[in-house]
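Supplied in structure tokens, the structure appears directly below.
Chain nomenclature is as follows: A, B, C and D, assigned in order of appearance, with residue numbering initiated at 1 for each chain independently.
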Amino acid sequence: MKIPYIKDMEEWKAGFEFYYPVKVRFSETDLFGHLNNTVPFIYFEQARIEFLKHLGFMQNWLQTSHESIPVVANLQCDFLKQVFFDQELKVYVKAESVGNSSVDIHYMGMNAGGEPVFCGRGTMVQMGKATGKGVPWTDQQRELLLHPALKIDV
Amino acid sequence: MKIPYIKDMEEWKAGFEFYYPVKVRFSETDLFGHLNNTVPFIYFEQARIEFLKHLGFMQNWLQTSHESIPVVANLQCDFLKQVFFDQELKVYVKAESVGNSSVDIHYMGMNAGGEPVFCGRGTMVQMGKATGKGVPWTDQQRELLLHPALKIDV
Amino acid sequence: MKIPYIKDMEEWKAGFEFYYPVKVRFSETDLFGHLNNTVPFIYFEQARIEFLKHLGFMQNWLQTSHESIPVVANLQCDFLKQVFFDQELKVYVKAESVGNSSVDIHYMGMNAGGEPVFCGRGTMVQMGKATGKGVPWTDQQRELLLHPALKIDV
Amino acid sequence: MKIPYIKDMEEWKAGFEFYYPVKVRFSETDLFGHLNNTVPFIYFEQARIEFLKHLGFMQNWLQTSHESIPVVANLQCDFLKQVFFDQELKVYVKAESVGNSSVDIHYMGMNAGGEPVFCGRGTMVQMGKATGKGVPWTDQQRELLLHPALKIDV
């Protein structure tokens, strides 16, 4: 099946570097005997947060005094292969593209055999708490999102 | 199996009046094909909150300016019968006994056939936000907890 | 923000009829004080299942002897307005279009004020258990999906 | 507060050896800003399963052909300290005592500072699938439960 946000699967896969490891919990399965379809979105949330912590973004956003917060505008997931209890997955995450105050974050869940089991994406916006409007990224933020390896300790 | 907090099952069952209706969700089942054991605690939380809203307690506690909050000190559940997807349950809740600033809340999940499928209990404390100590119930609160039918609109 | 699967919002909204009522649970909120972003997908799952039960489809699929099962190929959600604890939502669901063995199911969460708070869509496929391939809809199934009001008791 | 299933806290703590590490997820918090009270039971389930896998028990129970399954008869949790987003916990688990076909499993969640944040217990029974009755432990199973360090690869 064609996935609208992936032009070339191999190229797309190669763009990932950062991942969040997860092991499928018993309570995350359902009566069909596999991972319930709503759970990858929990994994995406954790992967995104770990990625943003890695970049040094999350720490500010979690301070109640901080003037902006990350807002998830949309999320989507394509289910490629069944996932089962106790499987160990790497949930990869990357910033695919960066807008003025938003970022298109992509996700890929990979099983121990190196096969993608689900993939996804979602728009996240840096929102001003008082204004309710997008807060533009600084140049440094933009650089970090697109080149996380450049991460400096701030 | 003997349940330590129930002396006489029939008498105990007869003490319930208020219930929260719930239908088992697909995502709440697990690969054993039945309701996952962690889910009744979610039902208990909802039943407790609906009960406390019914008494007029919850409204105050949810105001960020209010000086006290409800704190759950402990929770327990005994699993009596298997529960399956799509079953409609009544989750009964009552205040079994009231302490100085705490209350012993009891729970019973009942299936459409009138059979208890799980039961439970837990201590909840009215805690002062600033002090971190128990805030004694007023006489009116104590009356409402033990005789919810006396509920007056406040 | 433009939602790619909605051409005309008013026309799209008018196409819904069936809904699943839900009240936001305490455990479904997160530390940002609102409904956690992963929860609408749980509501979608329930709304879809209730819709399919209403059409008489789900009953067959849940029989272990049945030769086909519903498979969710993808899911997406756009978050329009914040949703808070205890809010009552109607989660509308409809079959937007029907393929050979798949169906594009659309969703809309609406608050008590009649405002859409989130919307979404996802492809579901009728899959043969043995073959792992799509099982074409019968004409009757196709009719029911597109015109649920025609539902006959089967 | 007195915890009925703990006689001597220091002695009780010293009896733990095996633990399951967990980091609090964002979706596991609630609007009170801390870990939702229903989540420790998910951690207990995972800790119990990892413990039983470590002992070599779980592998058999997950085989659909196996004649017995583990059944959770009851579960309880005492909440000692607030737990927050992103905290890393060790969820300790041990068999406190072993009955004929049941085992009393105890749990302790410990924060990075070495403080217990919640503790709990629950009865698990080895149940025959066909009979619905308890299946007595073998001597080897009993030994492994009480002395997990003796674990042999089976």
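Everything that follows uses one rule, which is that a residue touches a chain if its C-beta (ideal position, glycine included) is under 8 Å from a C-beta of that chain, and two chains touch if they have at least 3 such contacts.
Bear in mind that the values here come from a model prediction, so they are computed numbers and not experimental data.
For the pairs A-C and A-B, the count of C-beta pairs in contact is higher at A-C. Put simply, the chain farthest from chain C by mean CA position is D.
Distance from the chain A centre to the chain C centre is 24 Å, each centre being the mean of its Cα atoms. Our note on geometry: chain A versus chain D, Cα centroid distance of 31 Å, whole angstroms. Centroids built from CA atoms put chain B at 37 Å from chain A.
With touch defined as above, residues shared between interfaces to two or more other chains in chain B number as follows: 26-27, 36, 38, 42, 45, 85. Arrangement of the chains shown, judged by which pairs touch: all-to-all, with no pair of chains left without contact. Taken in their complex, chain A has these residues touching chain B: 26-27, 29-31, 33-34, 36, 38, 85.
Residue ranges of chain C in contact with chain B, taken from their complex: 25-27, 42, 45-46, 49, 62, 85. Chain D meets chain B in the complex at residues 1, 3, 32, 36-38, 41-42, 45, 69, 71-79.
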